[in-house]
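Each of the next two complexes has subunit A plus one more chain, namely subunit B in the first and subunit C in the second.
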Partner chain A sequence: MASINASPETAFTESADNLAGRVLDNLLGVQGAALVIADVGSTIDHKSALAAVRVLGSDIFAPQVLTGAIFHPEDAATVAAAFRVFPPAHTNTSAESVLSWRDWATAQLLTRYGGDDLGVGQPDGGCAPVSSRDWRSWSARMAQISPLALPGLDSPIHDAACDNPVALGRGLTRAMLRRDYPTAARLVRWLALVSSVGGVSPVDPATVAAHLKLLGGDGTRTALDLAITQRLLDMGQIGMGQK
Partner chain B sequence: MSTAAPPVAHQVAVKALRWLRTNQRLGAMPPNTTADIAEPNNTYKPLSENALAASLVLREGVAEPADLHAAEDILDFAWRELRAGDLLYERALLHTLMTDPLEVYAHFVRCGRRHPNLDQLLAHQTRLRSVRAIEVLSNRKLAIANAARIVGLDYGHDWDILTATTWLGAIPEPWTIDWMTAYHMTHTVFHLTDWGAHPNGLNAEITSYLQTWLPVWIEVWLEIGQWDLVGELLIVGACLDEPYRDPEHWAAFAAVQHDDGLVPRDTEPVDGTPEQVFTEQQHTAVVAIVAGTLATARTSNSPSRT
Partner chain C sequence: MLTLHRSPISATLTETAAVTALMAEPEAAISDAPVASPHAAGILILAALLGPKTEPKDK
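So, the complex of A and B:
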């Protein structure tokens, strides 16, 4: 829980990390974590907690999507409340497009698991790399929308991921070499998803994920990305001939 | 990437070639150098590298006549400094297991320079089990194999086996490469293809691997200004069956070249005496000459030569 004296930014970050930790516990089956978004607490923490819900977005549903965990009505109500307090973006800049995709995914899963229909439509266009040289900016954007890398979501973003594993692998390799491990974890998650549906990754996502796990030290959200990656790998068929 | 060679590649090579010719006397052998060569990395190795660059300019023949003449001049200067091959001969005679006389000699043989006594000596040494069994890093073994190929000696090398023992031959995880290994990787490519003369010296799996990961490695080392290594990676791109050359990478490489043709090896300031500057920047000039020459020579439409 965020400290009462923390700055808003710090409070939001702490809340997001706390929530990521709860999702992670739930994904790993830790007892008592079934209610994911519990304890919205006092007034000051309430807003931080709702912001954390918006930050994690569809990642909140990872335990349900990947393990069949129950999504409680209280959690559904909190997600809906978070969207009321922090409404979805509706413009078309690149950054807001990222947010729009994340909002769309969250809304999709909220409806699927018994929550309100938030009326968030699928964003338009801009999903695939514009050329083979576009791997750097495109993969950076894919890392930003890694919460969409969950089974059962279907969109042009997912089609683009399946169609461009080399671009994802290049972005991943660049992130690894730059020691940008949070970005690497987000991209290996996409490659695990691609592998889980029979695609061939240009790098072995299991090896990268194991390496990242051993490196550690990049926070709860990266740990969550890696746990999701592991679940995807467990459920998937890893293509042959990977490096 | 199958675009034509960026014109800037040719300009980089020409400017670097002129800088090297202008400054090459700063890299002359110390007086009374004997075949033992106390500090081979100081002048002996750089002279050899200069000869390599010049030999490739002459082999490819895509430069203007004045620049081909500059390459001839660089080759001549290095040959004179090596006493027309006598120093190589004496060094090979005194040090049976040293491979550098053969490796240096190959650059001159590429352009038709021969030293009959050295030829005779190397042919003899080639028959020694000891010489054939010398223990060096895998990419260095390829350097010996390529030099032997150029000079016309049969060491009995099995190229497939040599390839398989290199880092690159393992088709390694591309996200593990480091600075030193990157240099090793580039030299594996240089020697397997004889600097782009035989693109099919790289098997299909390695070629595909490099087409996939070279763009990333160039980006990573461009970002931190490791221009010397970037140049080496650009050479690798030029050695592929379908050459890889991204105009943006070439533009970035060209942008750091000074007006006089010097290409800084990294982001450190270029300063000191002319001798110090030459010592520190000569290698990157060689790299720039080779990269620009091969990128220009190997158009995307040119068939593989072997």
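So, the complex of A and C:
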């Protein structure tokens, strides 16, 4: 546990890793992992727990979306509280666009699973690559909004992913060559989603995911991305032209 | 059990900025491939001059 003198970023990172671990347990059906966030109330640092909710965003709902797990009402109240303590930003810079899309996805799923309507509208623009040479910055942005890579969050972001699998594949390849495995895990998750809806991936997401499981380190958030990737691959056909 | 949703807490600007930074986490800052360093040759020569000297073997 982070020391009492740890910076907010250090404390919030540790809290997000802990919450990702609980979401992962819930996704994998680990016994006793039904409550995800409510048990976080037993920690001393409530603010870090709420920060973790904001950082993970719509990934918190991955067990519900992918396995039909029940979302506890107290968890729904905690997500709403996290938005009150750390409210959404409302400017139009590139970084804020990333945050706006993540907030929209969390709000959508919260409403779907019985929580309050947080009044977060769908953002405008910033979805598709500007040109074929824009793949590098675009794929980096897609990695930042990887929590949207879940079924049912239909949006221009999903359309952009399905329309630009080659750009995603280039970004994934670049991340693997740079050994930036967390980014690679986020991008392979997008390609798994594309494959799950019948799209053709330029790289085999299953092979890349297996490689990342072996060499991607022991970060819980990366492990969560890979578990979600596996669920997505299980849901649909694998790309590479296989029918 | 403690209930987070009833706690009247607020975030400071620093804490909000920390959450924002973690939500928009960029790709890892990994350095590019190593580039030639004009000073490397001098460092190697210096290391060779300062290295332990060995006596030539008797033939």
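Criterion: the second predicted complex is superposed on the first by the 225 of 243 C-alpha atoms of A that agree within 3 Å, B and C clash if a C-alpha of one lies under 4 Å from a C-alpha of the other, contacts with A are read in each partner's own complex, and residues count from 1 in each chain.
Everything below uses one rule, namely that a contact is a pair of C-beta atoms (placed from the backbone, for glycine too) under 8 Å apart; a residue touches a chain by one contact, two chains touch by 3 or more.
Quantities reported herein were computed from a predicted structural model and do not represent experimental measurements.
Student: Given the touch rule stated above, what does A:Val166 touch, subunit B (first), subunit C (second), both, or neither?
Tutor: A:Val166: touches subunit B, not subunit C.
Student: Which holds for A:His158: it touches subunit B only (first), subunit C only (second), both, or neither?
Tutor: A:His158: touches no partner chain.
Student: May I ask you to decide whether A:Arg178 touches subunit B, subunit C, both, or neither, giving the answer as first, second, both or neither?
Tutor: both
Student: For A:Thr78, is the partner it touches subunit B (first), subunit C (second), both, or none of the two (neither)?
Tutor: A:Thr78 sits against subunit C, while subunit B stays out of touch.
Student: Which partner does A:Arg133 reach: the first (subunit B), the second (subunit C), both, or neither?
Tutor: First partner only, subunit B.
Student: Which of the two partners, first being subunit B and second being subunit C, lies in contact with A:Arg22: first, second, both, or neither?
Tutor: After superposing on A, A:Arg22 lies clear of both subunit B and subunit C.
Student: Between subunit C and subunit B, which one touches more residues of subunit A when both complexes sit on the common chain A?
Tutor: Answer, by number of touched residues of subunit A: C.
Student: Would you sort A:Arg231 into first (subunit B), second (subunit C), both or neither based on which partner it touches?
Tutor: neither
Student: Should A:Val203 be classified as contacting the first partner (subunit B), the second (subunit C), both, or neither?
Tutor: first
Student: Based on the A-chain superposition described above, do subunit B and subunit C contact any of the same residues on subunit A, and if so which?
Tutor: 178
Student: State the interface residues of subunit B toward subunit A in the complex, per the touch definition above.
Tutor: Touching subunit A from subunit B are residues 1, 171-177, 209, 212-213, 215-217, 219-220, 223, 246, 248.
Student: Which subunit A residues qualify as touching subunit B in the complex?
Tutor: By the definition above, subunit A touches subunit B via 132-133, 135-136, 166, 169-170, 172-174, 176-178, 184, 202-204, 207-208, 243.
Student: Would you mind writing out the residues of subunit A in touch with subunit C in their complex?
Tutor: Touching subunit C: residues 7-9, 12-13, 16, 37-42, 46-47, 49-51, 54-55, 57, 74, 77-78, 80-81, 85-86, 89, 95, 98-99, 102, 140, 143-144, 175, 178-180, 182-183 of subunit A.
Student: Could you list, by residue number, the parts of subunit C that touch subunit A in their complex?
Tutor: Residues 1-5, 7, 9-12, 14-16, 18-28, 30.
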